[in-house]
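The structure appears below as structure tokens.
Here the chain labels run A, B, C and D in written order, and each chain numbers its own residues starting at 1.
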């Protein structure tokens, strides 16, 4: 027992020390910007990074040639010094680079750009390769000029291809050479551990303390320092950034209120707002997003292969109810696949199903649509005298009873909004007699069911960050992508749509392309393979007592412009 | 020892089953722990029974789909909503009542099933001995190594959101080994008692011996374990729901906590955060207390297991 | 002066149903170096008397009347502290052989050393260990085994070790409570012989408690028969065996004797239940089972009848 | 004697290995048969079906199941646990990084809880039936049945936010660990400061159960005959309690503590999640929900191995402490 006794004493002393110790003793001498992250970044390997947290960190380090600037519709040159020069053949582009250096002081050259692009092409790096496979070759003209030759004219080359992050040849040459020789080159490239990423961005990584924080310092070689780009004078004016990991947003909000962080780099639930607003030092930003949350149907099998049923479902779904209740008003209703905020491409002339109808009117409208299409009920939702009643026994036009249908949703812990929306939609569909039930599913399982196996009736999913270029319309609904792991998850086949989509990809004239995109939106709105539901707003909270200069743009304030412009408040 | 027995013998020896029950009840009721436990449990049973009432009063009190048309955000207690509403305007009190029903259902059925498996396996293992015993007990070892919460979490995360009955079944499937070990050793001691030997000599079949002779004798022990299993089943279900792996179609207390948590009301809506947590704690407490008190009635020497979760 | 004396001793247990008078109006005395045996069926209160002598009644038990004197000093109402000093030093105990009277996780020798050094702090650890070895030799145990744990001992060896422990502080009285129950017959005989020998050699008085009248007869010069909390007959071994006066004593003796015959039937008095001691019957407690009972026995409490200076019986109709 | 012990240990080790192999296989099947794969999760219109297929191949998930199983077994025997799908880092590195944190938190909280529980249980059992016994028992029951994540959240709210004595969550504070002038002591105290709240939470939940086990064990022990002997010997109550009753009564608690320690390696996914404690339990839950098979498998196997071994160790320890038991 003596050993135990000794341990007991030690433990008691230890706990006493813990209790006596007060946080006040730790006065801070430095003034780092402190950012809360929702989760630990996966990796600092830029090719592998596909999660938001890794990208948040890496976006401070690896920079693209062009990027969007707040309040501007055109892209601004970033590592490039001016817009790409397209030659008359419409497939050759020349890009001039700014004079800049890597964070270790070595020169950034055209060779790095060419290396990066060739690396993508050679290793067919997922998520990037599709944007580069139409590029025939990349040539280094001189130290600061690169030439790209495309196989055919491509509308998306500037906005989609020239926005990839550029890596240093010095950092990756050896790795690539080694990977090439392995049995699984891509896996080797992905699994290469990067400890000190070499970039051109405003900050460099000092230390990543796994499970706790990341420490970044100002990059003295940052090319933008003191320059005016996109109408802004760039810094950075902050010496250090600490990224702290908070597993739950509740705690992050407490940390924000307590002043332990200056910003939480993750959208927060509307539920927090009321409380946060009571703190004078806290400011809430509510920003537009480029996103899409929708109800998708399986067009490959009954019952949702019938557009009439899909339209009836569209009428029954009360988007404004979802927005008012579940999003607490922080979002807007969607009627097209393209968010209304994307003004150039968004088609404003689409009719919304069941707009401004109340519950009973919706049921009546759905009843009418279904009745006209040949559906029958044992007990219809609207009786002979026009009174709404609980419906029962819905029969398909062929006379058979409708089998129960399942609406797959992500689980509540992944996204409570979609999970609860699923339950509401289930109730609404039942009002017209559609035997629907919502079933939240683990995210990976849900996607496999929907995207790989195509075994489902309907699902609710969302795309969090849609590019401004509407090329995704083609990817979502072109019949070419209706295959295993393809993004045409609904199995939508329409030769007319396919033709227009193909044309849109290659039409270089903006106005002409816009008309094609308008047409595509109309077709989708008519056939409803996806029913767009809502577009939530990005809600972010920051403290205003230590730093100022947050730049609000699409997708919120967590962008490179903010980090280049933030400065301490004195 | 002796003195204690001496006086007890003077009374208890001739007592029949009814007297035993009455005596047990007296001991039980005299124990403040048993009394508090039972009263608490009665309150929750009442809540569960009352859960059918609010939806009848007004559809807006339906715990899952009913929303107050006037309210579209979380509000504190009011005349129409005694405990307030959640963020889409559902009544928290009706959810709390419905949660009591689910908790009882989950707790009792999971406990019943795990006790059923555990008792059956324990009796077979103890009675059959040899090969069956070895195989069953190794199986028990194996299942015992798995932390239940983690395993159920993994399963529900892998196979998608589980229905409440699947969760119940899973809890039962991973919770039997402890019981079966105790029942097994009890069976081992019973096996060589004269009345079992007598039954065997009289030509009773193995099944008959197990169910007619051994089962009634291990039943009190099994029932005792059931109360502890109820506790752990309720806690596991709540934890699962809290982490977002519960059955989204049911209103359980864990689910309510998950809603509070995930919608960002955790630290600003105490009227919503506190009741489900208190209810989970108190209901598990009541079953636990019941078990402790029963333990003292059944046999003061029964060692309770040290649960580690 | 008697070494140990009880006068009108009554002991009760507080139970849910009321005060249970486990021992009622019991008187006896034990001379230095003498031996007294209590015999009776289980629940008759004999163990309770032993425990009362040690001051080890359970918390719900207490002496409710009478006196209990050790060397003239009343043990009733004595402070716990003084009682503790008395225990083992003056009055030691040999427990039932079926009991785990030895702490399983301490060496047997250490447990004896603990008793020695508690009561004789001046004895050094080495001296105490030496004494344990000689005690072991005394009770025919290998002194080397004093470093063993109890589970390494057989039942008989454990009982010898306990006897050694009882003798450790050279007490005046040893209370032996069913010391041979649960031992097989041969070991039983050895242990009894051991107790007799030790009693003679150490000149220690023995209070012997047993349900087995034969066993008591082996060891004790005086015998007290107990029934339902009362002593019903008391006398020398010879008197009780040769001229049993109480029907219960006779029944006990009959049972003891008939067991040795074949196809014996149990005497009638051996059947039936002991009376309820919370509300004992007004008359004779043996009334229900007595073959000679009459109306007087039922109505009035029985009284002591002296048959000789050392032999008395609690019965109205003792027939010699 | 030693021969027997050796044979017993060898026998147990063989059983452990057998069980382990079964768990190994079940895990493999479980993860492969479950729907979803790490590639499905990537919601990015830029990820073409060809990209996805390429990723699947690179992860080795395109091979037939039996081939994957053989590779899995081979790697396991060679002590290679593969590369995490999610982090792209060797699994062993990740586990080694997380494990010490889990061990630190749970070992200290369980030991603390066990000492306090045993101590209080000992005292309370001595006063059985008195008011203090009833209240302490009820208190222990209440603590033991409190819903852990809920309690943790309330503790965070009260002590870290409202009163503000402790940091909210996490294990270290970035400010101190990036301060070049901070010494080892300061860093150590920083960890202690962060550990306080999870420690208190775990302590509250656990000490009750030890107290109750110790209490019932003590009550059982007090009914033992050797306690009567000890009394008869004239020992005072404190000696009887501390020297004779408590060591015997503590034996079941030791089993309980041993197994809790082993089980704690799974880190109490709940505690670690709520307190953002960078331990193994939290990591395991992530790995599972991210379909990160190698990491999830290795973590789970580690847990199983530790628990199995701990069972053996506890039995041996028990045998060592309790001379009655010999194999």
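Heads up, the rule we're going with is that a residue touches a chain if its C-beta (ideal position, glycine included) is under 8 Å from a C-beta of that chain, and two chains touch if they have at least 3 such contacts.
If you're wondering where the values come from, they're calculated on a predicted model, not measured in any experiment.
Chemist: Smallest number of touch links from chain B to reach chain D?
Modeler: Contact-graph shortest path, chain B to chain D, evaluates to 1.
Chemist: Count the touching C-beta pairs: is C-D or A-D ahead?
Modeler: If we tally the C-beta pairs in contact for C-D and A-D, the bigger total goes to A-D.
Chemist: Taking each chain's centre as the mean of its C-alpha atoms, which one lies nearest the mean of all protein C-alpha atoms here?
Modeler: Measuring from the global C-alpha mean, the nearest chain centre belongs to D.
Chemist: List the centre-to-centre spacing of chain C and chain D in whole Å, with centres computed as mean CA coordinates.
Modeler: Taking the average C-alpha coordinate of chain C and of chain D, the gap between them is 53 Å.
Chemist: Using the average of all C-alpha atoms in each chain as its centre, how far is it in Å between chain A and chain D?
Modeler: Distance between chain centres, rounded to whole Å: 37 Å.
Chemist: Between chain A and chain C, what distance separates the C-alpha centroids? Give it in angstrom.
Modeler: From the centre of chain A to the centre of chain C is 88 Å.
Chemist: What is the distance in Å between the mean C-alpha positions of chain B and chain C?
Modeler: So the centroids are 49 Å from each other.
Chemist: Note the residues in chain A that touch 2 or more other chains, in rising order.
Modeler: If we look for residues of chain A contacting two or more partner chains, we find 248, 250, 254, 442, 445-446.
Chemist: Would you give the residues of chain D that are in contact with at least 2 other chains, written as numbers and ranges?
Modeler: Expected reply: 34-36, 153, 157, 161, 224-225, 228, 247, 273, 289.
Chemist: Name the residues of chain C that each touch 2 or more other chains.
Modeler: If we look for residues of chain C contacting two or more partner chains, we find 96, 99.
Chemist: Where on chain B does chain A make contact in their complex?
Modeler: 64-65, 67, 72-74, 87-89, 156-161, 243-245, 248-249, 258-259, 261-268
Chemist: Which positions of chain D touch chain C when the two form their complex?
Modeler: 224-226, 228-236, 244, 247-248, 321-324
Chemist: Would you mind writing out the residues of chain D in touch with chain B in their complex?
Modeler: 15, 18-19, 22-23, 30-31, 34-36, 134, 137-138, 141-142, 144-151, 153-154, 157, 161, 209-210, 212-213, 216-217, 219-220, 223-225, 228, 252-253, 255-256, 259-260, 263-264, 266, 269-270, 273, 281, 284-285, 288-289, 296, 300, 303-304, 307-308, 311
Chemist: If you look only at chain C, which of its residues touch chain D in the complex?
Modeler: Contacts found on chain C: 54, 56, 84-89, 92-93, 95-96, 99-106, 111, 114-115, 118-119, 149, 151-152, 162, 165.
Chemist: Can you name the residues of chain A that touch chain B in the complex?
Modeler: That would be residues 248-250, 253-254, 268-272, 274-275, 324-326, 328-329, 411-414, 416, 419-420, 423-424, 427, 437-442, 445-446 of chain A.
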